[in-house]
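See below for the structure under consideration.
When the chains are written out, they are named A, B, C, D, E and F in that same order, and each has its own residue count from 1.
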Amino acid sequence: MMPDLGKYATEVLSAYVVSLALIVVLVLISWRQSQVVRARLREVERRRDPDG
Amino acid sequence: MIGLLRRDLALAIRAGGGFGLGLAFFLIVVTLVPFGVGPDTAILGRIAPGILWLGALLACLLSLDRILALDWEDGSLDLLATAPIPLEGVVVMKAAAHWLTTGLPLVLAAPALGVLMNLPGPGYGWLTLSLALGTPALSVIGAFGAALTVGLKRGGLLLSLLVLPLYVPTLIFGAEVARRGAEGLVIGAALPLLAGISLACIALMPFAAAAAIRVNLR
Amino acid sequence: MLTVTGLACARGGLPILENVSFALAAGDSLVLRGPNGIGKTTLLRVLAGLQPPVAGEIDCAPDMIAYAGHVDGIKSMLSVTENLRFWARVFGMREIAPALASFDLEALADRLAGTLSAGQKRRLGLARLMVTGRPIWMLDEPTVSLDSASTALFAAAVRRHCAGGGAALMATHIDLGLSAETLDLTPYRAVLSAPSADGFDEAFL
Amino acid sequence: MSSMWEYANPKRFMQLSGTVLPWVSGLAALCLIVGLYWGFFLTPDDFRQGSTVKIIYLHVPSALMAINAWIMMLVTSLVWLIRRHHVSALAARAAAPVGATFTVIALATGAIWGQPMWGTWWVWDPRLTSFLILFLFYLGYIALWEAVEDPDTAADLTSVLCLVGSVFALMSRYAVLFWNQGLHQGATLSLDKEENISDVFYFPLLVSIAGFVLLFVALVLLRTRTEIRARRLRALIARERMA
Amino acid sequence: MIGLLRRDLALAIRAGGGFGLGLAFFLIVVTLVPFGVGPDTAILGRIAPGILWLGALLACLLSLDRILALDWEDGSLDLLATAPIPLEGVVVMKAAAHWLTTGLPLVLAAPALGVLMNLPGPGYGWLTLSLALGTPALSVIGAFGAALTVGLKRGGLLLSLLVLPLYVPTLIFGAEVARRGAEGLVIGAALPLLAGISLACIALMPFAAAAAIRVNLR
Amino acid sequence: MLTVTGLACARGGLPILENVSFALAAGDSLVLRGPNGIGKTTLLRVLAGLQPPVAGEIDCAPDMIAYAGHVDGIKSMLSVTENLRFWARVFGMREIAPALASFDLEALADRLAGTLSAGQKRRLGLARLMVTGRPIWMLDEPTVSLDSASTALFAAAVRRHCAGGGAALMATHIDLGLSAETLDLTPYRAVLSAPSADGFDEAFL
């Protein structure tokens, strides 16, 4: 399964871990922000216009 | 007093990322050094501890005038001086806020920047330690300088001029610890001296600073 | 509460007021008047303890005075509530709602103070006095930029404060609609004594 | 009707991006997984670099996208300055953190790669150095957006900064080349070059690049939608306070 | 417009020695470097041109926020914007005043400081020349940064963050000229490139800066 | 000299005034009134060209207006004369003696502006208007901190300016003793149209 990375295993693995971690963090932050803002907007719009 | 610290932190964060900016400046100074000095890694490694210390010092310096000047301009300082908390406490809190937004991030980031400067392996721990011990002194001394110059419309320059000579002992011992660490030498007396300077500054400077503020408000 | 006897103050090394005496009892409000440059601001700063007097005596515990100068000590990057709450904490108080209500700031409570108009800022600066919990208010031209409705709010706040056992000392050029005594500073202008002919005495005066 | 500027209207943009976003995100995930899996598990080691070639599937796409993100910000800034479409300015704002992250990834993977290849984490090689400068530009740009209160003012100022910054980034690139000739690989991906990297590495790299491009598009769409909503939220709250 | 220049110079001199302060900061930075780096003369000589250029750059940087911030605070900028002189002209004059009070003294003092740093013999002329050509660009770029951040209450840090990356090309070519001069190499293209950057900045930046000021006054 | 038709202005992205129309002829002086926060400062800044209007037209050459805002543009490290002389040069004028005389500043002429009292500073700020040589004065709360004698000086200066073919537009809360028309801005407060229900139109409003 796991390819043999030879003597450079740490380097290669850490490169993948660091990059994927950064990407995941960015995606999560963007996603969370979008949810938060969307929820707050919805709330304000409901407050402004309770039946709509 | 904790209220004051919290307010200052809130202001630092809200007014454009207090945490980030000192750090960014540190990063920039360290980046610019090789442009000036040339890309030779051997030389860069030699001067790395000193330059990192200098960069930290300048990053502190540049944000010093924010410690008191803004409060002076909008009259808050007058009001704080008549408030039921002692001015010495105000100074301590302001220096603490400055350290938390400037010094602490520098301490944490220094190892990463050490990589850029080819700092030799054993130096990282000592660099961080020396910065952690030394930067509080920089903030307190800076608060004293800010207190001396508060109310003078001269930008940060006069402040820097007053404060830089006061920074010399801290810089010497701090850079010495970092350099000996990087070169794998015995650290020796520099470390306790650095700690001593910091403690003495923290204990005594607030009184001098408060006195200076009182005179300046007059 | 506050008794001043024979006070003299200086500004920029020159004496400007001499021999000022007055007393302020609980419930009193006193308006300082006088032409521009007579020394009202200087007098208030001396009384607030920001500047030492040249001569005379001020009989008052320093922690009784809440001072409000020409500028308001407002942080433009904090909201109205945060500004007030900060000062409340500094003075060991809790409640800021009455202050907001007295100066009609509820609608602005969440706005950043930097986005207020001149008059709104001043209302915030005045509201700060109410969260100090101190009995003597010292105000330097409090109604600058206020419209008539806000001036009335302010007058009402002063009246309430005095009725509650406080006192107020205000420097102002306009009529506040308060039934306050006035003290005109014009007669107290310092007369520079002719400098001693052979020069060089202690204060170079 | 057929003008592309129509999508610069926030309402149209929200509609369109709402439908497109799930597809782009799905495709991005697919390409990333395929490309990185292929690259990591199914390619042989290089005879010179050993297994470290596998870093290329992260390093090169992120480096490419870091530059392209800035170029996209430059274009949208220009559109904002010239045509004053709010979506354009907000898209630039949304792209900046994404570009900055890609820059960090490129720097980090490059540094990790440098340790075995050049025996050091960091050298002041022109390519690396210009990348560090690019990162600084991202930082400054983001800090300026954060610092200015009024959104239109912030959009104007950051756009001007982006224009001026681009010119200086170019100048820095030449200056840095002048200053030091480095160790870094030349462009091996150009189509007309003789010695392109061999196909074994090439195809997974292409898929991975496509994945990064799509990821960038998806993130920018998502974040632009957030920015637009935040703008409206701000306006509504301000309006409530005024009432 | 000359009136503006004269006023700014008068203010710089009166408000605490504009001429002296930039210089003093330069001096202090340069004297601190040996403390940080260690007193080895060979190394100091090697890094001297770069450090001198960096010191000049930081000395410029530190006084940048004075270019516009004071005028913003006291309302002068509003009034200048409605005055019959174009804002571009205002920017040029302010940058010129900044250069005269900061850049020019640095140019004149650099040789003296070169001695402190063991700058090799042939370097003096080239160092002075490169500073004379490069510092005007620093002032104009700085004026642009000041225009972007005018009205933001965040001290000099954001300004530094924006401006320092813009300083990179000037620094590289300037330090390159100084270094090659010091090492007795052929100067080559760096000198015309440095001059070109300065000219281009002086010609174009005022427009960008004036645009930024207009946006900020809104 | 100045004709304004259907002007709308915004502050912080929100419309605050709508449909303001008025005209100012040579010799006119017009006082803007309205409660704090109605938008007087904003309107004056729009008219002075510092901020673009949202809608409507301003018919006036921009180089006819001299603007004076809440702060005075005074350099505290320059003397009173130097401050005035600087602005005179900027506006291509020479004489500053009449300005000094009109605002009773002769005695203070050599003092550093930073050592003036609040009212003295304001007098200097107003004196600046006279050295601009521009026909339309736009003043935002000009009499803040002025005592009654100085207010009278100011009123006289405005009257002279208008008699000489100039015009003045002032925002103020207090009575200046000028026979000026007033324009109350209260009726022009912008009514926010209900935002489109599904949101997101171009201006986010």
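By definition in this document, a residue touches a chain if its C-beta (ideal position, glycine included) is under 8 Å from a C-beta of that chain, and two chains touch if they have at least 3 such contacts.
Predicted model only: the values in this text are computed from it and were never measured.
Listed by label, the chains touching chain B and chain F alike are C, D, E. Counting contacting C-beta pairs between every two chains, the top pair is B-E.
Per-chain CA centroids place chain C at a distance of 44 Å from chain E.
Chain E and chain F have CA centres that are 37 Å apart. Averaged C-alpha coordinates put the centre of chain A at 54 Å from the centre of chain C. Taking each chain's centre as the mean of its C-alpha atoms, chain B lies 23 Å from chain E. In chain D, 133, 136, 139-140, 143, 147, 150, 179, 232, 236 are the positions where the chain touches two or more neighbouring chains simultaneously.
Touching of two or more other chains is recorded for residues 12, 70, 76-77, 199 of chain F. Contact with two or more other chains is made by residues 15, 73, 152-154, 158, 161, 164-165, 168, 172, 218 of chain E. Chain contact summary for the complex, chain B toward chain D: residues 15-17, 20-21, 24, 27-28, 31, 34-35, 38-39, 41, 44, 115-116, 118.
For chain D in complex with chain E, the residues that touch the partner chain are 133, 136-137, 139-140, 143-144, 147-148, 150, 153, 156-157, 160-161, 163-165, 168-169, 171-172, 174-176, 178-179. Residues 12, 34-37, 41, 70, 115-120, 123, 141, 144-151, 173-174 of chain C touch chain F in their complex.
Against chain B, the residues of chain D that register as touching in their complex are 111, 120-125, 129, 132-133, 136, 139-140, 143, 146-147, 179-180.
Every residue of chain D that touches chain F in the complex is listed here, in rising order: 9-11, 14, 86, 150-152, 228, 231-232, 234-236, 238-239, 242-243.
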